[in-house]
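Two complexes come next, and they have one chain in common, subunit A, joined by subunit B in the first and subunit C in the second.
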Partner chain A sequence: MSLKAENLSRKYGSGLLGRGKCIFRDVSFELEPGKTFGLMGPSGEGKSTLGRIISGLESPTDGAVFFNGNPLSRMKKAEYTTFRRKVQMMFQDPTDAFNPRKRIKHSIFEVLNLLEISGTERIRCTKEILKTTGLPEEVLLRYPSQLSGGQLQRLALGRILLLDPEYIVLDEPTSALDVSVQAQILHLLKNVQAEQGISYLLISHDEAVIRFMSDSCGELENGQMDLIEV
Partner chain B sequence: MNALLEVKDLNVSFQGNENEKGNENEKESGTAVFYVSFSIREKETLALVGETGCGKSVVAHAIMRLLPPESRVKGTIEFGGKNLLELSEKEMTKLRGKEISIIFQNPSLALNPVYSIGHQLAEPLRIHGQEKRKGKEWKEKEERKEKVWREKEEKNEKGLKMRKNNFSNVARVLKRMGFSNPHEYMGYYPSWCSGGMNQRFLIAASTMLDPVLIIADEPSKGLDRNRVAELEIELKRLKEKSETAILLISHDLGFVRRLADRVAVMYAGEIVEIADPSSLFERPLHPYTQGLLNSLPERGFVPIPGSSPPLSSPPEGCRFHPRCPFKEKLCMQEHPELKESNGRAVRCFLCL
Partner chain C sequence: MMQEEAYIRERPRKWKDFLAHNLNLDIRKYKRNLKKLNRGGLFLFTFFLILALFPSLFAPYSPTERFIPYEAPSTAHLLGTNDIGNDILSELVYGARISLMVGFASASISTLIGLMIGLFSGYFRGTPDELLMGFTDVVLIIPKIPLIIILGAFLHPSIWILILVLGLLSWESIARVVRSKTLQIRETGYVKSARCMGFSSFHIMVSDIFPNLIHVLLPKFMLATASAMISEASLSFLGLGDISMKSWGIMLSFAFSRGGFIRDMWWWYLPPGICITLCVMFIALMGFGFEGREKENGKRGVDSE
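After this line comes the complex of A and B, so read on.
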């Protein structure tokens, strides 16, 4: 498995009449198996846009993302489905990641239904995820508004892990959390990586978080990405 | 110095989370704030810190009387010799924005997306200006019924003047906040502005009528380092020039250390330690405060094991004992009181 970005550029507002504004250009990097690549930089520099492009949620204006050597834009449907399962994204605000009108168990079972897992296997998978993320079973009956940000972020990670991903794009996973919960989530992410060999692309504006988590890192500023030593 | 705000035995509980069967009689209830007492002196900045869900924002909303109807609030909140919990909604409306104002947590949710910044910033002026105007008009109407038409003209003129005054006041406050071209920003909509700018607009709205107490509820949440630095400058300027007292609610401990005169640490709905920032950060007494400081990046992100207890069923004895590395038998059996010594207060059997 490999995931690589080559010469990615992204422009906004580049219609027929406008020249558009270039957010970043010629950004290249590779996510190595079981390692973390940290991406930092100030707000508005396109870090999240780059994360969305790597996850296939947005297209680059130039350049390409290669999954197992194949560019995303030329993938067949079956290959693309595999890519979408193997490359997941975890968002900044966990409250937005769950349906506020459904209990947590519905949001978890939604993923299991997609994987056509039902009956006792469904209960086993759910219990395993709760064990990995260190949450009690009672959270399944709660609504998102009844849980703390840390609990929701753990559940968001647990739901992603159900899909057995190879890569996770972590878009500011702890910036909405307080310091003690932030430390817990960072350690949880490290443990999951050590156990399951998942690669992370960690996006954050907090240099301390990037340095704590990453094996290699880059800084996105003024439309360019510079690799920096950790 | 006199206490500006005195919160005594504040207890807030919520009722209404239906259980799985949807049985109304079996509704769960939880106490979000458990007999919290503290005071804020004039011109003082008191910070409330603690984990998400520990009840910091509930305290803020209880002071502003903005809690939902399913909440039950007990205790007293004394402000200017009045118990805020006993005031009528009309009296409270007169107080909000003028005497006590709040900077809400999320600027994108606190600002209305369909109104311009200028319109929204003038709202406190309109609300508090109108109260006086209504009273005057009523008297004039009673006294001079025969001059109805003339009065209407006067009213229109007054409205126009008031609107002009409001907008010039908004421009003045925006200029004070460092916006070089305030008239241009007044025409902007929240979606046109960055999170940092919207946060500054919220601060401008809360300081519009120069209140004596400002409650800043997580003002730095979600902002990047540059925006946090700007916000810090704003709040420092507010403290020094306007001499406003601030109740600062935040989980950003560095931010709190630089701004607060005193820090109160909350855990699971109660205050566990109160001290001045230098002694709290250099020599924390309560095991929870120690754990909180160890979670900081400069101390290696060492997490506190376990998670906060559910509000509906807090543990017996000390609420922190299931996560405490130093717990003893007594901690599991009895609930410690907040005890003061040497200018600081702590709720722990082991620190007394």
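After this line comes the complex of A and C, so read on.
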């Protein structure tokens, strides 16, 4: 499997006269299997937008994202379904990672229903998530507002892992957490990567986090991406 | 030291305190009173609802039974009788059912249409949003009552047509509110992750967005009910209602056209007027109550239970 971005550009507010602001242009990079690519840069430079484009939640103005050699915009339905399972995204704010009106178990079972997993297999998968994330079973009966940011972020990762992804876009996964919890989440991410060989695109403005996690790294500044040594 | 402490305590006085001290206007007390009013609204609305559901328990006679016409209030007929000798109290009790039914049915239609248009528009954005919101703006500027009068004049006056017309012409504000809330929810992490995981748009709208819209929809629904009841009363008063189903509006209309006002029979025209006012007020109070609770929830973060 491969995930590659080629000459991505994104413009906002192009309007009738086509004079919108170009956030970034000609951004190209490839995510290597089992490796982490760190993406840093100042606020407002389009790091999160780039993450959303890579995960298929937004379309680029120019350029394309290639999954297994096929551009996202011209994928057939079956290919797109595979892409949707294999490329996931984890968001910055853990407090809105789960629907506030559903218990955690419902949010997890929903994903298992999507994967058509039921019966004993469903229980096994749920237990496995709790084991990976190191959380007790009682969290399943709680609502998101009754859990801490760190617990929610662990569960968010656990839920993503149910889909058996190959690539995860991590959009500032620790910036809303305090330092000790940050370290726990980063170690959890590293362990999961070592066990399952997942590639990460780690977006962060914290250079220390990027250096700790990444194998290669790029900086998005003034609309261009420069590859830098880690 | 003591003075300084007093000063520190004094400092965080808010504008609410300022109003309370200087203008004798205590907002907090008003809020507490409003909460009581909401509860009162719910209680009294329940009374009207029971009246509408089981009219035979409260009405002394059947609304079609005839006695001596134009009778003044007496122990036999607490609110007297009308021009054809029907007991006015019984008419009033049975009228609650019609008025509330028109209110709730048309509010259900408008809420459903508003929900679907707003949800679709807010979720898909882009061209569907522009088209649907453009259409909503067009419906928004149509003067409702004159249009309903024209429709009522052309179509056979029936309560079902009235419900349909009122429902089909009052969904715009609901659609706008639902759209703006949907736009907000669409950008939350759980909707974005659901999209990323490959859930269908329909599933996301039904399972993730709709449950978070209920707090917005409920007050809107109550206010739409109140507004539909007023519209029904106005239209019935103008003679566009269904005379075979006597609502409070029709009772007022008959009191006006069949000598209730000329003979100064206050027991004929005042009770339906008071009932419409009270019922609409109670429903509106409940609506405001739900709206206030939604705002408080918004401040605290949504409380799941």
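The rule is simple: the second predicted complex is superposed on the first by the 229 of 230 C-alpha atoms of A that agree within 3 Å, B and C clash if a C-alpha of one lies under 4 Å from a C-alpha of the other, contacts with A are read in each partner's own complex, and residues count from 1 in each chain.
Here, a contact is a pair of C-beta atoms (placed from the backbone, for glycine too) under 8 Å apart; a residue touches a chain by one contact, two chains touch by 3 or more.
All of these numbers come straight from a predicted model, not from anything done at the bench.
Using the contact criterion defined above for the overlaid structures, shared-chain residue A:31 touches neither subunit B nor subunit C, since it reaches no partner.
Within the superposed three-chain model, A:100 lies in touch with subunit C and out of touch with subunit B [touch as defined at top]. In the overlay built on the shared chain, the residue A:111 is in contact with subunit C alone; subunit B does not reach it. By the document's definition of touching, of the two partners only subunit B reaches A:179; subunit C does not. In the superposed pair of complexes, A:55 makes contact with subunit C only, with no contact to subunit B. Once chain A of one complex is fitted onto chain A of the other, the partner contacts of A:40 are absent, as it touches neither subunit B nor subunit C. After overlaying the two complexes on the shared chain, residue contacts for A:72 are found with neither subunit B nor subunit C. Of the two partner chains placed by the overlay, only subunit C lies in contact with A:81; subunit B stays clear of it. In the superposition on chain A, the residues of subunit A touched by subunit B in one structure and by subunit C in the other are 92, 146.
The residues of subunit B lying in touch with subunit A in their complex are 17, 20, 50-53, 194-196, 221-222, 224-227, 251-253, 291-292, 295-298, 300-304, 307-308, 310.
By the touch criterion given at the top, residues 42-44, 92, 134, 138, 141, 146, 148-151, 175-184, 186-187, 205-206, 208-209, 212 of subunit A touch subunit B in their complex. Residues of subunit A that touch subunit C in their complex: 52, 55-57, 81, 84-85, 87-102, 107, 110-111, 114, 143-146, 156, 159-160, 163.
For subunit C in complex with subunit A, the touching residues are 188-190, 192-193, 195-199, 207-208, 211-212, 301-305.
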